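Listed below are the structures to be examined.
Two complexes follow with chain A in common, the first pairing it with chain B and the second with chain C.
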Partner chain A sequence: MNKSWMKRQSRLGYIFIGPNMLGVLLFFIIPAAYSFYLMFTDYKFMSPETHFIGLANIRRMLGDELFYVALKNTFVFLLAVPISIVLSFIVAVALNKSVYFQKTLRALYFMPYITSGVAVAFVWMLLFQPSSGPINGFLKGIGIAHPPGWLSTTGSSMYAIDIIWVWFMLGYNMIIYLAALQEIPEELMEAAKIDGARPWQIIRRIMWPLVSPTTFLLLITGLIMTIKNFGIIQAITQGGPGNSTTVLSLFIYQNAFRYYEMGYAAAISWALFVIIMIFTVLQWLGQKRWVHY
Partner chain B sequence: MRNKKWLTVLTVCVLMLGVLSGCGGNNKANGGEGSNSGPVKLTMWGAVPPENGPQEVVDTWNTAHPDIQVEYVRFVNDDDGNLKLDTALSTGQNVDLYVNYTLTNLDKRVKGNIALDLSGYTDYNIDEKMGADAASWKVDDKYYGMPTKKNSFFFALNKEALDKAGLAIPTAWTWDEAREYAVKLKAEGFKYGLVQHTASLVDPLDSVLVKDGYVKADGTSNMDDPLVTQWLETLNGMMKDDLTTPPLGEQLTSKMPVENMFLGGESAMINIGEWLIRSSNNTTEFPRDFQIAFAPVPRLTGNEADFVKSGGLGDFISINSKSKNKDAAWEFLKWYADGGMLPMAAGGRLPSSNAVDQQTAIDHLLGDHADSYDKESLEFVLYNDKTPTFVRGIAQEIVDMRAQEYEKYFLGNQTAAETVQNMVKRHNDFLKLQGK
Partner chain C sequence: MERVNTVEPATRNTPEIKADSFINIRKIIMTLIMSGFALLMIVPFVWMISTSFKSPADVFVYPIQWIPSSLNWEHHIKVWTGSDSFVTYYLNSLKISLISMIGAVFLSSFAAYGFARIQFKGREALFLVYLSMMMVPPQVLFVPKFIMFEWAGIYNTHWALILPGMFTIFGVFMLRQFFLTVPAEISEAAFIDGAGHFRIFFQLILPLAKPALATLAIIDFSWHWNDYENALVFLLDKDLYTVPLGLQNFILENNVDYNGMMAAATAGIIPMLIIFLIGQRYIIQGVAGSAVKG
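Moving on to the complex of A and B:
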């Protein structure tokens, strides 16, 4: 009796997740499997003939200088994630206590996250304008004769993108941190205070370790989100100047939808997948050392 | 028990699929009915915003031809937009006519068998109507569509500044002369002597390489043509030494609005094409108090006889080879080319067919703003300059890699020699990849 009830229940469960699973199957699993197949072909969109070419795409990728440039740029782009996490933790700690305009400030910090990416891109382009933009105007005003060219030189453009990205993610990370800080039992802080801990020590020894699961979450989601994102770069620099801001995801996009080289793009996609995989596995292994649940 | 679970999952999936495909089927049925009874419906995809002419064109046609109704759909002429069009074409959505803006795009579509070979229609001689320039749009010696528009690229000049500086309107000139003009004109109180639209910036390179060949006789890259280096060094000198043109890095990353800068009196010259007229006719948004004069684009080569300029014909309209209404589409296309497109001339699109009288075209082009242009130099640039023209037809990959290399040069990351070397190397790599 009970058993058949269970059976019916589980059947019902499948019916409930059915529509969702169908979506995942149609729009994720099948395309992913298909792209795995494409990796071994010379398929070009709209081209009538497709041949199986074995590992040629992978060989081409490993011999492609641009692939390595994109890989390097991707790692520079990823720098934004830890920086943004540390900054947002500091902001969250500051805003966790009662300060003036606490609510307004929280809203202000969160604003970038809910603003349209293209609008953000255009505003930053104006700010970073090398000869007459406000940022370099300020830098010249305080006596720096040769401020950086920001987006307009190959050496600085990726770091300029990093600054935008840190600013963009700050609000989201901060909100998550604020929630985590609320969860820290008040007694622990009080006990520390009674023991004579300084504010810095409380932050370092109590708050930071206790929010470490949050940090871990933000790190993993942040890295994955960043490694996949290129919208902001496409809007601002299209990968230039030169190829100084071409990150892997943008490189894939260009190969697939600009040159219609679907097979080659599929191969790079899988390389990107492997990189994300390695990152995630490393973090899971590493978390035992510093994440305290 | 396990099997039964899977059976449930499968049933759900099949049910969902049934529902989904049911929707699709219905749509198809509706579309079919529409084309059987009542007027023929055509869909034309183009990249010009409907309000800039196409809507008026289509409306005029629809009023005169109740049996063939045309609908205009706009796509944006960038990677995403062309991808959208290509997807629509290759998945058999209703696109009957579409506009190709580059040879590169056309080439892909011909290879994908979605452009109709027009040699089946014998009642319209494209070569005769459109002139010798049309032939550069042939693929495998066949017309897979029809060019409809005259491309014109030119230098637009601030006439007032020219007069003040005592400079004549050039009718043929070199980049060295243009560079001098920029210096002298800047001295008249302009921020820049010359700004360049990114679409025509690289034309001098193609001009050289079309003439001398992109590829040498031995099958390797010809990007090390000495004139390529000359172009790099001339522009670099203008950016860094003369300060007469904006540094490229700055222009690209701040998306410099060059038309506004020219019309607003910040720059005395602009390297651009016929689409400038759309902005310069709009005197409410871009008020100006000077006449615009026109000069052909300057050449790199010393010898005038060796010069070919970017131009030729454009707006190459193809009929979808899978269209159900090819004949109706052909009727519309002929009418469009032979003057139906005139409402679009106000945006700079001059009809290329000789069925359209030159004066009518110019009248449409300038509208009520004819006084604010130097008409003689305009007519020279548009019609009387007999310099041979070309249409850029190289792969997007080459355009991009070339741009990446010269950007690095103009930003000071590599020397001109290194730039040329890298271009040659990457071009050769590309050639090897294509040859495989």
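Moving on to the complex of A and C:
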């Protein structure tokens, strides 16, 4: 009886999961396997023949100057993550217990995250307009004669993108921090206060260490989310001026759908996968070590 | 999902309560400071809306005119009635986002129930495969999906967005977490009464999961509404464009009309703002819950 019950359970299990599994197979697993195969070919869209070329795409990537430019830009892009995390921690601590209208303020800080997408990217494009945009208008107004060119010069464009990204991620990180701060036992803070700890000491010595697992989680998930994103950059700069905002994910997109070098693009996309996998492994290792309460 | 609060109200000492009942100067100052920064966060939205009503000459006037000297509706009229009207983009986006979202909530909840409440062989291994797929970036999948969709004849149709959009691994993961928190005794009692998994799923678990389903629905809808990257890869014809693509198209074709650009951006953002105002509770809970339990 038990055996037939197990069998029935198995069948039911697959009935429940089946429809979803079919989609995951069709739109995730098979494409992933196909992409892995493409990495070793010279597949080009519309070209009549495809050849197996072994590791040539990987060799090409490692010798491609633009690949390293993209890596460097990606690194600068990722700098936005820790900056946003530190700022959002400060905002979360401030909103946690010591303000009125907490919910309204929380919503305002969170708003950029939910309205993400190209629309806000275009707003920032005008805000950053170098000659007479509002940001440089303001900077000139307070006496800075030569404000940065923001998105229009190769030296500053990636940092302008970082500013947009910090603004975008801040609300998300803040929400997670607020949830984490609420789990800190009240007694701890009370005890510290009675012992005469200053607010700064409480933040530095109690809150920050106790939310460290959250910080770590936000860092890793933020890095992964950022490294995958290219929508905002494609919308505003298409990787320019020059190649100054071509990040890795955008570099893949351009190779695949601008130059139709799809085999090559597949190879670079697996390099991106390797980076994401390293972040994920770090997260597993870190979770074991950092969760200390 | 929610952790039980370990702090008993009684452990708070009285002076603390007393201090709360007075008007707290420090709290007022903090509120003012944080409101100031909050304004800085939403300044881009305010500037966008204000610019969409300005006359072209006033766009970059400094100091910034936050309230336009006269309300110019013509930019909004241009966005909504021109040759590439946003009405088409809205309908396309609405169609894609709604069908994808309904499919995703339905299919994810089914699978999540299977993973959370049914014991069967190979379940853990299968779940691991699901989780590992979360690591694969969309960039890996774009090219093969492009080739497959081209071959299947759904490239450059809305199906290229809707069909994959109905499958979200995050959704399965999130709902599974929720279903796991529903006490086993509830379904055991129903089993004894002779109910099968289907009845338990539809009549017991789903009604209990309404908040989680609402959260997933809102978050999933907003993903599809804001999705620019998939639309960019899989759509070609202008009459199929979604709002983000339409917006990009508008900006390419009117790249000196700053007022029009901001009117178009407003059109792109307003639905998300409305959804956020209505579903704020679900969105914030969903975001906070999903990550803390990571």
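The rule we apply is simple: the second predicted complex is superposed on the first by the 268 of 293 C-alpha atoms of A that agree within 3 Å, B and C clash if a C-alpha of one lies under 4 Å from a C-alpha of the other, contacts with A are read in each partner's own complex, and residues count from 1 in each chain.
Note that in this section a contact is a pair of C-beta atoms (placed from the backbone, for glycine too) under 8 Å apart; a residue touches a chain by one contact, two chains touch by 3 or more.
All of these numbers come straight from a predicted model, not from anything done at the bench.
With both structures placed on the common chain, the touch criterion links A:46 to chain B but leaves chain C unconnected. With both structures placed on the common chain, the touch criterion links A:138 to chain C but leaves chain B unconnected.
Of the two partner chains placed by superposition, only chain B is touched by A:151; chain C is not.
Once the two complexes are overlaid on the shared chain, A:126 sits against chain B and chain C alike. Looking at the superposition, the partner that touches the larger set of chain A residues, chain B or chain C, turns out to be C.
By the document's definition of touching, of the two partners only chain C reaches A:262; chain B does not. Contacts of A:170 after superposition on the shared chain: chain C is touched, whereas chain B is not.
In the superposed model, A:14 makes contact with both chain B and chain C. Contact with neither chain B nor chain C is seen for A:4 once the two complexes are overlaid on the shared chain. Once the two complexes are overlaid on chain A, the chain A residues touched by chain B in the first and by chain C in the second are 10, 14-15, 19, 21, 45, 126, 129, 133, 257.
Those residues of chain A that touch chain C in the shared complex are 6, 9-10, 12-17, 19-21, 23-24, 27-32, 34-35, 38, 45, 91, 94-95, 98-101, 105-112, 114-120, 122-124, 126-127, 129, 132-134, 137-138, 140-141, 167, 170-172, 175-176, 178-180, 183, 185-187, 190, 214, 217-218, 221, 227-228, 230-231, 234-235, 249, 252-253, 256-257, 262, 265-266, 269-270, 272-273, 276-277, 280.
Within the complex, the chain A residues that touch chain B are 7, 10-11, 14-15, 18-19, 21-22, 25, 45-48, 60, 125-126, 128-131, 133, 149-155, 157, 236-237, 240-243, 254, 257-260.
The part of chain C that touches chain A in the complex is made up of residues 3, 6-7, 11-13, 16, 26-28, 30-31, 33-35, 37-39, 41-42, 44-45, 47-48, 51, 59-60, 62-64, 107-108, 110-111, 113-115, 118-121, 123, 126, 129-130, 133, 135-148, 163-164, 166-167, 169, 172, 197, 201, 222, 225-226, 228-229, 232-233, 244, 247-248, 251, 258, 261-262, 264-265, 268-269, 272-273, 275-276, 280, 283-284, 287-289, 291-292, 294. The touching residues of chain B, when paired with chain A in their complex, are 1, 4-5, 8-9, 12-13, 16-17, 79-80, 83, 86, 90, 108-109, 111-114, 247-250, 252-255, 395-397, 400, 403-405, 407-408, 411-413, 433.
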